[in-house]
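Let me give you the structure first, and then I'll get to my questions.
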């Protein structure tokens, strides 16, 4: 499978390296386990995105990265298995031209919030991006009885609609999907949305938390976006050791 | 002890390798500590099963694997110590012809559910196999005052009766027993039953969770069964590193 | 300091090796951090015990082990610093001729129980030794305003009196002291008392746990004592890796 | 950047080595993640302090350490990026001549206490330094709508005023700042303030904890200060392995 890189139609090696590293970081930071996935929109073609074939994120290598169109069909069918929920990525890229990277995960701390439809609220500056709110999605509302998976474009369109203009959508009985303007931002958001969930759950045991208000959260999010590399460089070192 | 492999009466090396790896994965994923055990029904003889001699799962090697009959007697007595609770395995294989693999464990998150007789319910798709319900067993109901251990066929028969047609039985003041149609399925179920317990405990602090309903759970379980290797391959890599 | 072994007055190398390994296991299993200590009564002289000089348990080597009398004076003063709380050990060995090994620790899960005077009760068979009850000690009751440390024989006598015939005494605002009939038993009890505390704390969030009753606990404790090596051998491998 | 050591104007290599190690320990003990920082007042010039350039603490090397004046300007501008919140350090050194080292962190267990304005109280002797109380700071009280960061001297002066004569100040929606009379003391305090927060949160689920009273806490703090090296030497070994 080591010729797949030829099919990335111009995505450079550095981007693919970041995509692979992002997968490993998400695993090492316990945002994904064997399941979940990370994609990035193709830098030269907004109608394509890059993502691994069906594989645990912790095992992804550059040779596993493929290009998909926005209907989530592989541009070159390699005859391998693909993620059954890849439609999440394609439909969000269609609905949100500003989105350049997507994470789908089952991070532990997020599940209780999605299952009880409790909103995530920014408990500290690190998760300022939550200030604009957190979307909720219940697959049963639009698709009836299912296996909970976003395994076709129709379900994915409903999910993208639920996401709206937010940065994260919690999925009842399933997990969450996070979006960003780059791999490093979406990885950062995935890590700190999960951390925020843990902290929020603990804080409410002590009393009513004083969350960041909308303006504080927005200002904090802007500041954090200037330090994404500081986190990335540490996480990279940790994922490699 | 390196001649025991001769006594597996036809079980091939690949199955024994999976059994050893399953032991290591269960330890590495914190489903078992020094205690607990994993068995697999003999592929060529439904009246036999394979399991380690008395040993912490994390230390099991191929040379420690022995064949037992369904009364849980070793087919060839090696003069070594056997698990005192091996009857769990034999009696479940007798009562449930569909069961091909069994895990007995004391996973931390499961204990509070068994001790309070709180049912596990599927909080996300990963644990769809819980949708059919979760059995409860109190050894005191049938055996009176004991050391809590299933150390004879009679206690094991009661446990198998309590399990019924479920995939997991919680044992008051003791642990849990999980069944599956293969090593990879029973390991998967043990990991995600434990994860479900953690998430359910957290979720109820936020409100009443919207669990998967029976149909959703059944559909999710069917989907998960198609991706067991994705998890297994990651867990294997982790257990080996 | 490599001549200290000469001063163990007959304790053989295997016992000292177990004492060193016990220190490392307690650290690796998170029962002690930089603080806490483990001692063993001298096998040939019941009026002596063996323990490290003042050092984090995780760093103890055979060369650090010294012999103390039951007034907790070093038999041969090596001119090094000793644990300020060594009197815990001496006074318990005086008061309890059946005790052959002692652990003093600040294990996280035990602190909330001591600070609220909540009793530990056996939530599963692994901690059957808790069935006879758990002693509580508040240094302020007998010593008034202190730094909480058992830094003289008088405080230690009060602690030993509080321990009575139990296997563990929780110390308000401080930690716990655990006793056993051998190094392997006291290490086992320290690990599972801590685990029991974690599980009990989680269980009461679900409802009133059905604890083991006194007879069940006693029977379970007897069974567990036959499998101490199974845990020890695993913990040893983990502490060494 | 390997000529920066020339600019430390007399701080010796051992102190810089401790500063680097303190950074690594704080990361390894999970007090800081990619964010947070540690400084030490210059031993020869009380109007200077030493701290890393803008970098994750876990990645800091001796070559990254720079000297700042108490207005938090680098004494020699290296043309690199500096921590945006370095003013925390300068203003505390101005306001508190007794302070020789400062940690700013976002340790998980501390966030819920700051966000609910719940005071930390010493639950065991290890955190006796909390007996004098714990300060609270809400940036909104003095600076209005912000990104929560102490990114200018004015905000830092308010923080220093809130700290007063305490050893720790919790910062709403942000983190905490801890002070000490040396690197080893401030690292010790950061670790055990965080541990105390975890234990206090667990304890209140069981009942009203019997905290150390003021006198006990003060005596305990004095005792602990004599054993800082015992913890440091262990943490150092762990951070290096």
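Labels for the chains are A, B, C and D, by order of writing; each one numbers its residues from 1.
By our rule, contacts are C-beta pairs under 8 Å (C-beta built on N, C-alpha and C of every residue); 3 or more make two chains touch, one makes a residue touch a chain.
Because the structure is predicted, anything quoted here is derived from the model rather than measured.
Traced through touching neighbours, the fewest hops from subunit B to subunit D number 2. At the interface between subunit A and subunit B, under half of the residue numbers involved are used by both copies, so each side presents largely different positions. Remark: subunit A and subunit C have CA centroids separated by 47 Å (rounded to whole angstrom). Averaged Cα coordinates give subunit A a centre that lies 33 Å from the centre of subunit D.
Shown for subunit D are the residues that touch two or more other chains, namely 205. Chain contact topology: the protein chains form a single closed ring, every chain touching exactly two others. For subunit B in complex with subunit C, the touching residues are 33-35, 54-56, 58-59, 84, 106, 108-109, 111-113, 115-118, 138, 140, 145-149, 151, 172-175, 201, 204-205. If you check the complex, the residues on subunit A that touch subunit D are 122-126, 128, 195, 198-199, 202-203, 205-213, 215-216, 219-220, 222-223, 227, 230-231, 233-235, 237-238.
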